Amino acid sequence: MVTEKLKPASNRPDENPLDSEGLYPDPEKFLGKDYIDLNILKKLVGRSILSVDQFDKKTVLELCKFAALLETTEIAASHPLDGKIIITAFFEASTRTRLCFESAVLRLDGKIISIPTGMVTGVAKGESLSDIGEMFNAYGDLVVMRHTETNAVDEITKNLRLPLINAGNGSGEHPTQALADWFAILKWKPKLKEAQVKHKHKIHLGILGTPGSMRAVNSFLRMSLLFKSGIRKISIVSEMADPLGPELAQMLEQSGISFSLSNDINEVLSDLDVIYMNSIAFLGDSYKTLDSRYKLDRESNLKKDAVVLHPLARLDELDPTLDGTHHNLYFTQAHGAVFVRQALLIAVLNRFDRLPEKQIPLSN
Amino acid sequence: MVTEKLKPASNRPDENPLDSEGLYPDPEKFLGKDYIDLNILKKLVGRSILSVDQFDKKTVLELCKFAALLETTEIAASHPLDGKIIITAFFEASTRTRLCFESAVLRLDGKIISIPTGMVTGVAKGESLSDIGEMFNAYGDLVVMRHTETNAVDEITKNLRLPLINAGNGSGEHPTQALADWFAILKWKPKLKEAQVKHKHKIHLGILGTPGSMRAVNSFLRMSLLFKSGIRKISIVSEMADPLGPELAQMLEQSGISFSLSNDINEVLSDLDVIYMNSIAFLGDSYKTLDSRYKLDRESNLKKDAVVLHPLARLDELDPTLDGTHHNLYFTQAHGAVFVRQALLIAVLNRFDRLPEKQIPLSN
Amino acid sequence: MVTEKLKPASNRPDENPLDSEGLYPDPEKFLGKDYIDLNILKKLVGRSILSVDQFDKKTVLELCKFAALLETTEIAASHPLDGKIIITAFFEASTRTRLCFESAVLRLDGKIISIPTGMVTGVAKGESLSDIGEMFNAYGDLVVMRHTETNAVDEITKNLRLPLINAGNGSGEHPTQALADWFAILKWKPKLKEAQVKHKHKIHLGILGTPGSMRAVNSFLRMSLLFKSGIRKISIVSEMADPLGPELAQMLEQSGISFSLSNDINEVLSDLDVIYMNSIAFLGDSYKTLDSRYKLDRESNLKKDAVVLHPLARLDELDPTLDGTHHNLYFTQAHGAVFVRQALLIAVLNRFDRLPEKQIPLSN
């Protein structure tokens, strides 16, 4: 089997990430001299991205490597998504996730039609999502959907024949957020991509939140299990008696990773290498925020090299006094989300042939 | 008189309509070996499209033929709307009609500025539409407007010097929906385009809804009268005592078409060749849905070859059990709306000269 | 010092301003044989435009001359904003200002991602603007923001490293509106650009509104002080006891311009050369409209050559009977806003090198 490969090139001219507050690990260091295995990425062509469960570790790694390459390469002039229309259907309103996807699309010269602010009319409430999916077939080439209902993904895919990227379905999943999360972690500690990770490099992962009812935390935990070779322990801190639910609890047990549940962050904080926080738990149409006991600020007893991740938006659980510190990996995480989504769009829409040949030579 | 003509070319590569559920008649069969009379279409240059009453049968036919050609031709690379800005002003929010127009524009490489979700601010409520029309003169090249008020079209055109496409004004009209409706019917039964239709090919047209207060049904009925040579009878089924109002009643009588009013679908259903349904009657700012007695599903006593049209969105009057049957012409109708609108945009903006010369040769 | 210069060229083909109602002074007459001093405009490269206080008279003049040149030149084919993404973040909803900016961007071939209708979700309300600013760094190249809160500009710029154009912050400022206002005045009376203005050409400027609480009026008054050499007197007509507030009152006094406060338009109307009106005073989240005593219509005792400006939207204080008269400079003012904003976007994003060389030769 011949493996098609990409290799990294020059920095994007319009971007100076070093101005950013917080930790900004170099994507080139993560990429190293690795080539990107296009045969792995091409398995995503034409596929919908609905759940982290569709991914194996190899695919996540190649996507993150491809994202790192996009972060360090000027590719706009190649118009990779030329002629493609992406439908950003945010039936649940979102500022940053929608704009992040739309920026990713426009930088690749794709086009956008959008439902930006959810269903606002009484008439609209009676429409079925499967009918809307049927219409979308005629309007675009790929759909990015967010919805307040967990079953919205099942509904729209009844008639939709375009690839769908799930950008958050109720209390279900948010798989591209998990890709952005792990893209940040892998840039921070490239050793985690290896099949065998030495014990001293393994991380203790803390999750402040409720994987069973928070979609971003749910997807993050599922993807973390793919990287179990690099994880020493997972500690879940939540005010809920059962923050996991039966399915996640079983997955976690079967993974063989040591894990603990706690409702006091101080029991584990000083040993954590990575802290993943989220503030918002969706409960049907409404939501609740993290209990005030689970806050981090500059005075928190963080391990010297610990990094904090947060899918944002944050409320007051993550204090801005941490922004200027090297614990802040959450800004890197947010910025990297553009490139992870670009990587996914190019893969699903099979536009590998539109990448700049000179900067990104493909092996035969 | 020299007639400029277009002829059909290759299929669009990115579209596989055969995957769609329901009936999907071939646009090439409708187009046949006919050429498109550009002299007819050029009469639309620079004009606003406000009502079906502006159209004669010849213009509808040439527009539908042009739409069929666009459905079967790859023209994006010709950038027909290059440099044109279309303003999609949906003062009444709409998901599918706005996205349909925007997809039509973007596929032709036009650009869009949009009011996607109606007037949401208190301040905005005091603005006059004629002032907004004056501003639009400076912002774009063509306006597509939907509004909750029937007189909105009169208001905005006081100062607007750009062409306006009425995409639904209160309980008034929705002329491009009627074009999409008849585009579907003509693809299904191309014989209806002829001046003389044999009696055995003439259709019995059933309308479930209230033309007098439903804009889509109103426009559909008006356009149907242009095709009277192919219509055996029109049966209107509505719970209203007077579903037509005086103007439509007079038009229908003057057309010479045999017609009946009924409030029981079962009196006529088994003889209908085409059933046009709509669910929503606007009553000022609010709306009411069709009575539960007027529903169709797979068990309904439909004629063997009958087809069902619906402008969508549907509520429960049109059961999804019909989706997988050959009675379903409504998905074709919805998909074809993109091409009908493309045809209209190219005509009104006079961009016939941007069509691909090799695929679409023009006679002299 | 070598001064780089631009000179005017042919009319834009798609625009026929002469159809407009009201007064439409020729931008070429304002431009005359002047060259545009790019060294002045280049001082705007990369800068945020937050307040009129950032401008001196020279910069306003060069921007208006550049706008006049854009109004009379076909430059779309040069794609001046190619590859640039502008974020139109209207946290306070706006129809015309947003569409005006977006039209300006698209005509220059820039791209847009947008928050069109403010914050609509409960979740969104908890987000901090400084976090949103941090995200914007990764999504685009320039931000245009409107917000209901005056301090929103301070908040978002904490983390934003892209240039920001303030398109209205609460009761604060609206500097690009003031540029559009003065662009209209300068086209109407080009003599006002000179350092020495003969007494007979000096204008009596009337302001109907409350500069202290109306952002457009505030910015207009501040910019007017830059043109004091052409102003004979400023009369402020307002129902408020103190329509200026201490800062503006001090600025006005220090300017040396003769000024009066009044609460009766009829005391000054017959002597005014320019009347600037506005209808809406923001009071925190709500607003109040101008008192009914301060209305103008065709019967008002206007000086023969007086012109009326209004940032629009208007309510009933400015009667449409004036639209068809030569007093109407407000439609010119509104249309010119597109070109003023184009001039600013090209300057801030430093895309002078993308202007068409043949039409706009640069001196060395």
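As written, the chain order gives the labels A, B and C, with residue 1 at the start of each chain.
One rule holds in what follows: contacts are C-beta pairs under 8 Å (C-beta built on N, C-alpha and C of every residue); 3 or more make two chains touch, one makes a residue touch a chain.
Only a predicted model underlies this, so the values are computations on that prediction, with no experimental measurement involved.
J.: Tell me whether chain B and chain C, two copies of the same sequence, contact each other through the same residue numbers or different ones, using over half shared as the line for same.
T.: Answer different: the two copies use largely distinct residue numbers here.
J.: Specify the angle of rotation obtained when superposing chain A on chain C by their C-alpha atoms, rounded to a multiple of 5 degrees.
T.: Nearest-5 rotation angle for the superposition: 120 degrees.
J.: I'd like to verify one number: the distance from the centre of chain B to the centre of chain C, where each centre is the average of its C-alpha atoms, in whole angstrom.
T.: Centre-to-centre distance between chain B and chain C: 41 Å.
J.: At least two partner chains per residue is the criterion; list those residues in chain C.
T.: Counting only residues that touch two or more other chains, chain C contributes 116-117, 120.
J.: Could you pull out which chain A residues touch chain B in their complex?
T.: Against chain B, the touching part of chain A is residues 83, 85, 87, 111, 113-117, 119-124, 126-128, 130-132, 134-141, 159, 161.
J.: What does chain C use to touch chain B in their complex?
T.: Its residues touching chain B are 14, 19-21, 76, 92-96, 99-100, 102-103, 106-107, 116-118, 120, 280, 287, 289, 312-315, 320, 323, 331, 334-335, 337-338.
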